[in-house]
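Shared between the two complexes below is chain A, which has chain B as its partner in the first and chain C in the second.
== the complex of A and B ==
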């Protein structure tokens, strides 16, 4: 019960369509081990709903840990297997730092904003 | 006044435990250096003037075995050179979120219940989970009765490689949220103070692992199967700890989840890069193969395209070195490869290319799937294809990579000893480990020879798998000390063949008169005896009252097992073969297991014959080489004593069966 409450309080996920097969996934809160499973599952669900390009808007994410990155990798895999892609936009300093620390930026290149991430080839 | 004065002097003169420990560490350093110096002195002489070229094959084999042992002493000496005895642990900070995982797979329910109860009774607040990979209703019912969390594989595993215990842990990590995880085997019963004694080390934010000993309570007197590992869970892990290289042994250890996750992410990226590089290497092979097959007529038209393709591969490699994102590298490669293909696709060829596209796409996909399988990869790359087909294969090769990218895994799955591999990856990612030398759990060791050997085989196989797949000598991110500390363990598992050479040597001399050295001169003794003496002394000081005789016997006597482990692990890594298990002995009689130790028995018979022949001929006056015979008889008897351990083990029967 408490766990559920904490999850609800820590992370809010909104998926909004942006164009034909693209969606912007807005995350709000801490992207950490408490919510990783849920985020991963929600991203996979978006892919199964038919979205091929997922742009994750990290603008409102206050903190990312490695389990959170694991959830993003899970989403990326789901998107790629469906022939699509997952992109990160609006990263804060801490998110940028852990992305570089793990060298994950070589797989998930961060985009400065959602529009650019949607537009990129 | 006077009394207190004498007490002070007494205190100064008598050493407490701390002084003795310091003395021992200093002595170990001196002995290690002396040992290596004497060994070099002996081996230099052995390698230069002593080799008997009349028996060159034997001479070189024995010299090779001695070199192997010397390198082993060097690695072992280095490991124990910085022995780290940590003593009292720092206090556990309150309020940490800890999960206790009990991994089980079809063990008896009542046995697991004991572990579950003890785990739940650990004092520091925590959540206990039973990770049941056997998915058994009885286990689930027991967990419910005890009020323990119960985890089985999620639906996501259906149809995928389950990765045994590694998969079990990965699955549980996904379903839980503690910041720290205590991992226990189903038969390791923890003490209530386990977490209080280990969590304190995590105050250092870089500590990822605290490993404690595995100690077995069901071992009968004399330890017939050599189950206890007092040398490993002691000086060896303490030595590795000194180099920040103490490693995870699968149970009785606390792990930091963030470290597992970050290492998983880091190695996910590492794996993707490794796959791209392998794919590029295969592309090179395919292109070169095609260039060799070009007919005269094709040459003018197709050679430039192949050259362009080769340049695209080289360019992609440069971009990877530069640190470009993988997407950029693969996109650009794809564009360049398409341009190259367009160079040959004149109107008359367009139809042919279209036909080829499907076939080559399938073939490219096959290569991508084979990226973890060196043998299959080589075969696919070397396959006969027309130059046009080659171009199409390469063009379709790289883009697939990104689609088939592997998952992020917090536990390594490259080896059946996921524990060692995972901790090596954590070290390579910059984390620290701690070996805390205090027994905090009581376990059960295998109670029959077959299971004991199976367990030993699995450890050896897993270690060799790690050596072949992610060699610590080349894995980026490790310090030199860590590289050598990990390599030490791997090197020790290669002892099978050198041991055979050592064992056969007295037989070759006593029965066939083959001597690997020129002459057993004084010089031989003056160089060898001090080396051996210091070696034994060093071993004694390192053991320091811990019983290590059984371990020494087994490390020699299990030579067939070590050879089998290396052969099967290499077959697995290079040729994709199954690892295999200890086969049930056909000659099993009344609970005796002589079939399992047949090679040892054969070797003992040979040695015994050699001793009889040598001494007999000497007594009859048929030979006059008294000294060499005595030296070889000495070694043969030593070998027989060491090997004799397998007879006890094969005859051993648990009390209830007797």
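== the complex of A and C ==
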């Protein structure tokens, strides 16, 4: 079993433009130590492609661990360095719980859905 | 609910070990029949401890990690035993790093969730014990 297959089975990442400088990053699977580096790299790549607002759609993320949170923090830092922001939308119960436990909901602000995350000031 | 106890082996190859952990939890929770919130909290804590073992203690050729999950009306408990290197953990509680740090939260998350997070070195074994007390109905 190749590493690529393992990763592909665990996490799908889709980046879709949502306006001139915004993109929706859809994640599917578990956001954990096995995929954290790849997710962080894809978020940084989206910023380097010119997207300033990244909305991460977490609706199909079944589980988040501390490495996954680290990847989101990495993406947030890349976006802010470029004068932008990273927002989370559609969090499941487990993702919401780990965000609150770590108090990272102060910096990784969760929104009920993608549309509200894109609209927010 | 009666007492339920199950044993599992987790590969020391991270991708396989994590997959086996989630499969073990998916099999255990329907039997244990505890509240969803407790399942989520305990699964989150256990995944952090296992991730730490896989990343920092064992090597891919080591013997599998032994996991025992136990559920009673009063508590959920996990025991993890591995043959990896010994840990030197802080004697006090684990603290969360600054918000902009990208690592270092795993054991702080586990210790925040759990009522007991205990580590002991016994001969050449690392032994972890995780306990979440259940609220009486």
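Following the convention adopted for this analysis, the second predicted complex is superposed on the first by the 119 of 121 C-alpha atoms of A that agree within 3 Å, B and C clash if a C-alpha of one lies under 4 Å from a C-alpha of the other, contacts with A are read in each partner's own complex, and residues count from 1 in each chain.
Throughout what follows, a residue touches a chain if its C-beta (ideal position, glycine included) is under 8 Å from a C-beta of that chain, and two chains touch if they have at least 3 such contacts.
Fair warning: this is a prediction, and the values are worked out from it, not measured in the lab.
J.: State whether A:66 touches chain B only (first), chain C only (second), both chains, or neither.
T.: both
J.: For A:103, decide between first (touching chain B), second (touching chain C), both and neither.
T.: Both partners, chain B and chain C.
J.: Tell me which partner A:33 touches in the superposition: chain B (first), chain C (second), both or neither.
T.: both
J.: Applying the document's definition of touch, where does A:81 land relative to chain B and chain C: first, second, both, or neither?
T.: So A:81 only meets chain B here.
J.: Is A:45 contacted by the first partner chain B, the second partner chain C, both or neither?
T.: Neither partner.
J.: Check whether A:93 is in contact with chain B, with chain C, with both or with neither, and answer first, second, both or neither.
T.: Touch partner of A:93: chain C, not chain B.
J.: Residues on chain A in contact with chain B in one complex and with chain C in the other?
T.: 3, 33-34, 65-67, 69-70, 73-74, 77, 101-104, 106-107
J.: Quick check: in the complex, which residue numbers of chain A touch chain B?
T.: 3, 33-34, 37, 65-67, 69-70, 73-74, 76-77, 80-81, 83, 101-107, 109, 121
J.: Spell out the part of chain A that touches chain C in their complex, as residue ranges.
T.: Answer in residue numbers: 3, 6, 10, 30, 32-34, 40, 63, 65-67, 69-71, 73-74, 77, 93-94, 97-98, 101-104, 106-107.
J.: Would you pull the chain B residues touching chain A in the complex into a rising list?
T.: Where chain B meets chain A, its residues are 174-175, 177, 179, 257-258, 261-262, 264-266, 268-270, 272-273, 323-328, 331, 402-403, 405, 407-408, 410.
J.: Please name which positions on chain C make contact with chain A in the complex.
T.: So the residues of chain C in touch with chain A come to 14-15, 18, 22, 36-37, 40-41, 43-44, 47-48, 51, 54-55, 96, 99-103, 105-106, 108-109, 112-113.
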